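Okay, structure first, notes after.
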Amino acid sequence: MDQPAQRRRRYAAVAATDRAFLFAVYAAVGLFVLLVALLFASLVHGSWPSLREFGARFLWTSQWNPVTNQFGALPLIFGTLVSSLIAIVLAGIVGVLAAAFLAEFAPGWLARPLSFIIELLAAVPSVVFGLWGLFVLAPAVRSSIGPFLQKTLGFLPIFAGPIYGVGLFTAGLVLALMILPTVTAISREVIAAIARDQREASMALGATKWETVASVVLPAARVGIFGAIVLGLGRALGETIATTMVIGNRPEIAASLFAPSYTLASLIANEFTEANGRIYVSALLELGLLLFLVSFVVNGFARLMLYTVLRRG
Amino acid sequence: MRARHIRSFIGTALTAFCASLGAVALLLIFAYVLLQGFRALNPAFVTQLPVPVGESGGGVANGIVGSAITVALAIVIAMPIGLLSGLFLALFGRGWFPSVVRFLSDVLSGIPSIAIGLFAYILFVAPFRHFSALSASFAFAMLMLPVILRTSEDAVRSVPREIREGALALGMSEYATTMRIVVPAARSAIITGLLLSIARVTGETAPLIFTAFGTPFWELNPSNPMAQLPLQIFTYAISAYQSWHQQAWAGALLLICAVFVLNVFARLVLSPMAKR
Amino acid sequence: MIALEAPLRVKALSAYYGARRAIADVGMDFAKCSITALMGPSGCGKTTLLRCLNRIHEILPGARVEGEVLLDGENVYESGMSVIELRRRIGMVFQRPNPFPTLSILGNVLSGIPPGAPRRERFAAAEKALRSAALWDEVKDKLQKSSMALSLGQQQRLCIARALAVNPEVLLMDEPTGSLDPISTLSIEELMKVLAKRYTLAVVTHNMQQAARVSDYAAFMLAGEDGVGRLVEMDETSRIFTNPSDRRTEDYITGRFG
């Protein structure tokens, strides 16, 4: 057997390894936090010229003109918000009801594969959604869905005007499909987490399962469901490629949902590599900063709500 | 009483209808991609370089290889940081700082990929005035980090405390305990997370536009612009040429299959192993 | 009562979980090459006391210790001795068998032996440990198989072999038969008696029959009104079970305790 002195030297070497290991662990976490901070800082730094030049005007003027170096993001903000709003209304209703079915009504042999398929929908790359939206959904909107809505609801200005196929409405539909899995999966988790006794008390009072779900379970889960919907909203706001392919890419504000529009993310995707001039690039980076800030706030808000329900974090 | 039951039945049926909508949408999209993609898919498509507009034939071989290289480099960047940060949260997960890290990670997973692409551009493209696959890998790594981090934390946390204590009680070092005993015990769940994070970035297109940029040629050097399959699909799709549209569908078929295989393997094969 | 030779001594030991005090002012000796049983109702701090001896208590967040634990006269909480050295000299066996799931049977036994030693030497040590744990004959043909394929009782003996392979002086056992069937329990108890010829054993048990069957010395602990565990008394096992000096011990032994 080795000598005590020799042994103690080995223990000291082991202790040194442990210190190096702990250092690596702390360094990794530090690097992670640093990267997130740097992400924010570099966007602010990059958009500084534009921030100084335009100030708050950037947010509420409508001209986006690289030739005259005038940049206002209002039409983009409008397009982003409206397309996301359409998506969140559709995906919110469908997603929450689907979640109720998966968590409450469906037997296990049906709920599991169905949940899996819906999760697979989330895995479809956005460029594939865009391709499908452009070549399948947009023609369908132009030839049948749009005309039908116009015939029945045409008296509303939002369904008036020419139908191009691509536009806010089509983008909203594609986005709705893309965020449906997020809303469904998280709502389902929230509904499943709602205490069993609450629902059993209601069933004991003679309510049907549907009545229990509609009047007890869903209201009790409302904070978490709201969080799930806001999380979906965050995803819709920042979606780029699919939107770019189906929204029409025209920075205008129109009353009709069938009109082409533009979003913050789409404009960055289309113009960034061709942008020349300091102010132009900076204005594009400011769009990115805007997207970052909005999605940070929206996602942060949603997560904080979900933490209280799902007890994570 | 009867009215109540009819109403309940209709309500339940409505939820079932909504649940089936998502599944139907997926099947519709997948079926359409399969149908269109198969027509343009041939050996040349996966083995040859793109050809100029007007000529027929050609493929996306450089994009497939380029995407593989870019994703592989992203794994190399993201895995150590993500796994070690996940270990940090699992081992020292109390107090305000770990909570902040978790929050940042969850929020980062919701930051649009295009904003992260801009970040990669500012950090690695603008200073060198040169697009590169490496900058795309960095953007991908940022997108993968939150997934790897949180799944690693959960995986390590789910290893019974007695396992870790057993190793420490033997006089094993913190390092050996963690890396030789605890992490291997959690490996199925960690690999599941890694695969899901790979699936997430494999289909990403937006950040590639101004990082990897794309090229019609063979390029294997990650410090140069490199062809990327999703980018090729995007470019072909928004072009005005029928033949390129067909190529876009074929590319989409490859991409969707790759992502589905990763997901199915991670969720149906590895994940149940992790739960055992 | 002071044992003639005690490699392990505890003096004025208190342990905390955050602000909560779990045990207070425990002082006792663990006699060489004998079995000392720690008894008491659940929540009396006997496991916490055991976990302070190899400093595994302190890995829990917020856990801390006051007082002294002396191993061969050296305070293990003073900086001179590294935790790793301490834990190699004081082995531990847990209530639930905890073989490392990704390692083979042999891998488990080897896991505590420093990788520097020659292969042949390491293997010889592993065989010796498996023989000492009375497991060799059952596993010698499947050393490369997963440890999870063994029965619970075999897994527990594997964990004992794993602890013995490091060549400790003291072996701590935290309810080593707590999750085993009666036959496995019997074989572990037999093994403990054999091990006590060479090792100093400290065994936590809430099974009084077990304490009476296997131990040489017994300590009785009890949590007071304040929820803090204290040592009530310690003596030779035969005395504790026939003629305890404290009323509370007698109540517990005779089952009058709630």
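Read from first to last, the chains carry the letters A, B and C; within each, the first residue is number 1.
Here is the rule we use: contacts are C-beta pairs under 8 Å (C-beta built on N, C-alpha and C of every residue); 3 or more make two chains touch, one makes a residue touch a chain.
Computed from a prediction, not measured in an experiment: that's the story for all the values here.
A complete topology is adopted by the chain contact network, contact being made between every pair of chains. Per-pair counts of C-beta contacts peak for the chains A-B.
The central chain of the assembly on a C-alpha centroid basis is B.
Separating the centre of subunit A from that of subunit B, both taken as means of CA atoms, is a distance of 16 Å.
Computed from the mean C-alpha positions, the centre of subunit B lies at a distance of 48 Å from the centre of subunit C. Spacing of subunit A relative to subunit C, judged by their CA centroids, is 54 angstrom. Contact of a single residue of subunit A with at least two other chains is seen at positions 14-15.
Contacts with at least two other chains are made by residues 173 of subunit B.
Residue numbers of subunit C whose C-beta contacts span two or more other chains: 84-85. The residues of subunit B lying in touch with subunit A in their complex are 4-5, 7-9, 11-12, 14-16, 18-23, 25-27, 29-30, 32-33, 36, 80-81, 83-85, 87-89, 91, 99-116, 118-119, 121-123, 142, 145, 149, 173-175, 178-179, 199-200, 202-206, 209-210, 213, 230, 233-234, 237-238, 245, 248-249, 252, 255-256, 259-260, 262-264, 267-268. Subunit C meets subunit B in the complex at residues 54, 56, 59, 61, 84-88, 91-92, 94, 96, 98, 100-103, 111-112, 159, 162-163, 166. Against subunit C, the residues of subunit A that register as touching in their complex are 7-8, 10-12, 14-15.
Those residues of subunit C that touch subunit A in the complex are listed here as 82, 84-85, 114, 116.
Residues 14-15, 17-18, 20-22, 24-29, 31-33, 35-36, 38-39, 42-43, 45-46, 93-95, 97-98, 100-102, 104-106, 114, 116-121, 123-132, 134-136, 177, 180-181, 184, 208-211, 213-214, 231, 234-235, 237-241, 244-245, 265, 268-269, 272-273, 285, 288-289, 291-292, 295-296, 298-300, 302-304, 312-313 of subunit A are the ones that touch subunit B when the two sit in their complex.
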